[in-house]
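Listed below are the structures to be examined.
Across the two complexes that follow, chain A remains constant while its partner is chain B and subsequently chain C.
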Partner chain A sequence: MIQLTIDGTKIVAQPGKNLLQVCLENDVYVPHLCHMEGMEDPPASCRLCLVEIEGVNGTVASCRIAPRDGMVVTTQSQAVRQLQRSALQLLLSAHRVDCRNCASNKRCALQQMAKFLKVPLKVKHLDHLLDETDYQLNHPVLEYDPGKCVLCGKCIYVCTRQQAHPVLTFARRGFETVIGFMGSTPPSELPCLDCLACSAICPVSAIYPKKPEAASSHSPGPADQRLNGVGKQ
Partner chain B sequence: MNMNHSRADPWIAEEEAMLEELASSISVYDSHRNNLIPMLQAIQKDHGYLSASAMEMVAGHLDISPSEVYGVASFYNQFRFHPPGKHRIKVCLGTACHVVGGDIILENFERKLGIKDGETTADREFSIERVACVGCCALAPVAVVDEVVEAHIAPSRVEGILFNFELERDQRDKEAQDSESAS
Partner chain C sequence: MNLHLEKSPQERFAALLEKAGECAAPEQRDTIPRIYIGMATCGLAAGAAETKAAFEEVLAEQHIEADIIPVGCLGHCYAEPLVVIENPGFPAIAYHQVTPGKAKVLVKSFLVEGDPLFEYVLAAMEENDLIPTVADFPRFNLEQRIVMRHCGVIDPTDINQYLVKGGYASLARALSLPPEEIIRMVAEAGLRGRGGAGFPTGRKWELAKADPGTEKTVICNADEGDPGAYMDRTLLESDPHQLLEGLAICAYCVGAAKAVVYVRAEYPLAVETITTAIDQARDANLLGRSILGTSFDLEVTVFQGSGAFVCGEETALIQSVEGKRGMPQHRPPYPVQHGLWDQPTVINNVKTLSTIPTIIEHGSQWFRSVGAQTSPGTAIFSVVGKVIHPGLVEIPMGTTLGTLIFNICGGVPKQKQFKAVQIGGPSGGCLPESFLDTPVDFDSLTQAGAMMGSGGMVVMDEESCMVNVARYFLEFTQNESCGKCTFCRLGTRHLLNILDRITKGQGKESDLDVLDSLARDIQRGSLCGLGKTAPNPVLTSLNYFRSEYQAHISEKRCPAMMCRTLTAFYIDPDKCARGCEVCVGCCPVEAIFTAKGRKKAIDQSLCVKCGECMVSCPPEYDAVKKVSPAELAPIVERPES
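Right, the complex of A and B next:
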């Protein structure tokens, strides 16, 4: 058992969990986007789960920190909040904010964090940079919206976990990075129709199953319902 | 990158021949994923580009998913996914060219030819690439068209360059016709 102090409260944690998980389990909310429970090697790419630790210079991504005995952690200092706001604003500045028409409306990770950090969804002081909209995933079952995607990588993580031959991957580089797919495998041989884990985990509904022509435009499929359970972690 | 190769393609036979050749040339590599980049480099060296089916063949050989191959290949600038055109247009977007509007030149070529950088026109006449500095910054903005350096290129010059190729082609066609009718 490890004893540490988070925001002035003494907490006992089990070894083997990272600091972000310990915080969340003890009802200390730390904004985060790319982390998922059970990740052996969190990518720490969203730069949101920052905390300060006594004796450590600057802020650190809590998902990459193993709690130590006697650790003193601050999750809500001014420096932390400022960095989290900047990180979120940068994400929002490259995200097509169209909540009313979005399947993730009201359970969207960005909305939740914006509310928590008191950041308006429309970022005024940053240029709004949208990824090119003519990119096509060219997947027989899945549809992908690069303008919404925040590149958290969760879809790729779940795909890699569930499939021996992952279907999704990051493609291209830098600002042009997108979720990519390639292959001429017929849809019936792809695991996607029965899996859809990627669309279930997507925090912003950027990847979703193609609608059968007949389906009505606003029917939350099974994937959407699973999202409710996942979003809570 | 548009990976859609479904447009009516008179080069299907060529691609089939390429795949046949590939099947034997990639078999010399161990099926270890470390070989992915060397294999892609070898294919591009021999054939000038990576086609979707070539990448799938590599994926099959290394027992990884085609997506993974595409992810790696699309990360690196050195790989292209379209066959090089007969006339290769390289638009410089190095610092000096960028400052004087090299992107406008690139955009003009893209609009005139109806393709994006890294792509090739359907008739394989032209391909556009963006390059980072060709080393003659004093001449910015610069485009290199088939080894010819076009200096201080104005947006209106783009049309002229392409028009010249068109004239050349028309003349060639005419000559071919003439010699045909003469014989």
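Right, the complex of A and C next:
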């Protein structure tokens, strides 16, 4: 057992969990987007789960910290909040905010964090950077909206965990990064309609099944039951 | 096996050296001239191959026996193609800008008639009574060549030339010492990594050696993605064996049997030279199995990177070697513990490894005596931009920026004013004149807001707009962001957009605060060094040249008159010569027309601001004026025709 202090409270943690998990399990909310339970090497790419640790310079991504005995952690310092707000505002500045027409409305990760961090959904001081490309995923049964995607990578992660031959990957680079489809499998052999793990896990409904008439003749399977516990968080 | 161990590595090396001496420089050949031609990428770009062909042709024509020796690069880019001629009876003389025509004249006059043609001479390479020597020029004598000591002097494709210069003796010596002792030497020398961050090399090796992993690898980082930098390429092309010797010593110290030289594929000559060098060293038993008869094996391979800037970052580089997308990974774990294929991996820069042989040769005390207290040794910079003698310079750490720019590189040409120097490549910082006293070392540069980085240095004069300069570098880093993390992917895009707007006269008062706070967030929040350093040009220029930003925003004025939207050209009717038509013909868009009194005028609605008219207007009239803000240009109506 590991004893550590988080925001002034002594907490006992089991070894094998990262600091973000320990915080969340002890009701200390730390905003996060790309982390999922069970990940071996969390990508630490969303830059939201930042915390400060006594004796360590600057802020660190808590998903990559193994708790140590005697560790003193602050999750709500001004420096932490400044960076979290800034990261969230950057994400919002490139996100088509259209909550009323969005399937994720009320359960959206961005809304939740915005509320917690007291950040308005419309970012005033930054230009709106909507990706104007008419990028198409070209997937037979999935639709993808780059103007909504926050590039958390969860869809890729569940696809990789779920399928022997994963079909999702990051494509392009830099500002143009999108989710891509490794489209060598013939559509009829795609497991997607029976799986849909990506669409279930997406925090902002950026990837979702095509409307039945647009998709192939498959009938949608009981997607949610097939998640096998992957990505419960 | 026992047979192998009978001779010590040093005895085996002595035998090797004797053979090399016979092949490399037979004494009796001192009677014929030797012509050394710089044939690295820079020399070739300047036409060295044609120069070499011209020498060959005229030597054959004149039936003159002479040795032509292709060598690497001396680092004097302004003088390429650079040729050194050793004519018996004369000191060795360096000639600059040797075109094929000059080559033919040189053979006839110098080799046949004994006239060294003073007008073509750069300098003599050694003391003499005839010609000033290189030691008389600051561009040579303020430099201290340690890592580059053989560059442009030996034939990089001939291992024997390196051997007779004392090469591989440090490896032979190292192999007869315990690894701990060599690591201690490197640590005591205070060598810091030349790849940018300045991490203590001895410490890195110690960590790798201590790791229980069994499949360790050493990687030489020759990605060199910084657009203005080419010192690693030069070292690979000019003295590849020195690097291999350092690499082998490192592998021996940490217990690695595999090494990779990671070179970008855009460096074909470097790839070829290092590949040849590896083969030669293997044939000479200096690499490969049972090196110099010991139980130390080292297999060196070359990996050609696809050339993304971010692949120079060590964790991305490892991903790339493993065949994955070159995306940086969170550290820790650091590569020394979990590197290539999850095994302990030492990653060192070309210059770091190339410094090792001299440290073993002369000792750590000697190394510490060169350079600055906390950054011993030399630094290699590629100095480009507004200087008279651009090129590669190797200076002791601690030399001031002023000495480097003004004394060594000759200062700013055309009597223009120095304005700023960008140090550390695209993610370095822009420092103004008040920083010319800053010593060049890891800590002083970082403190000033710049960094050692890759060693790229761009000197700018009064005609450079600092907002535009920041925009230019940001454009590069923004483009090279891998896109993995939020701050770098989106933050750099916003910075670039704002800078772009400001240079177009569409800046807002609030932009400066947004730039400043966003830049700091990107610095603190990004995952890897690219994002952490990308805001440096913005932050330093905002800090040191804030008034230029303000002029762009509030007055729509570009003080350097560089931003096109904010400048305009007009023709001063009092100076314009009646009837002269020079500018009319050179304007690409026919914006110049004849106004009242047969004077010329510019139609501002057509002008694309190329400045051709200003260049073409004869100096005795000097009638074309450039102004900023653009509305200062008087509007002249085109007469109805």
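Everything that follows uses one rule, which is that the second predicted complex is superposed on the first by the 209 of 233 C-alpha atoms of A that agree within 3 Å, B and C clash if a C-alpha of one lies under 4 Å from a C-alpha of the other, contacts with A are read in each partner's own complex, and residues count from 1 in each chain.
The rule is simple: a contact is a pair of C-beta atoms (placed from the backbone, for glycine too) under 8 Å apart; a residue touches a chain by one contact, two chains touch by 3 or more.
Since we're looking at a predicted model, the values are computed, not measured.
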With both complexes superposed on chain A, which partner does A:180 reach: first (chain B), second (chain C), both or neither? first
Considering only touches as defined above, state whether A:165 meets chain B (first), chain C (second), both or neither. first
Pick one for A:93: touches chain B only (first), chain C only (second), both, or neither. second
Partner contacting more residues of chain A (chain B vs chain C): C
According to the stated criteria, A:138 is in contact with first (chain B), second (chain C), both, or neither; which is it? first
Counting only touches as set out at the top, which of chain B and chain C does A:59 meet: first, second, both, neither? second
Which of chain B and chain C A:147 touches, first, second, both or neither: neither
Just to be sure I read the superposition right, which of the two partners does A:47 touch: chain B = first, chain C = second, or both, or neither? second
Residue by residue on chain A, keep only those touching chain B in one complex and chain C in the other, then list them. 170, 172-173
Residue numbers on chain B that touch chain A, as the complex places them: 1-4, 52-53, 55-56, 59, 64-71, 74-76
Using the touch definition from the top, list the residues of chain C that touch chain A in their complex. 308, 325, 329-330, 332, 478-487, 489-491, 493-494, 497-498, 510, 514, 517-518, 521, 524-527
In their shared complex, at which residues does chain A touch chain C? 41-48, 50, 58-59, 61, 64, 79, 82-83, 86-87, 90-91, 93-94, 125-127, 129, 151, 170, 172-177
The chain A residues in contact with chain B across the complex are 136, 138, 163, 165-173, 180-185
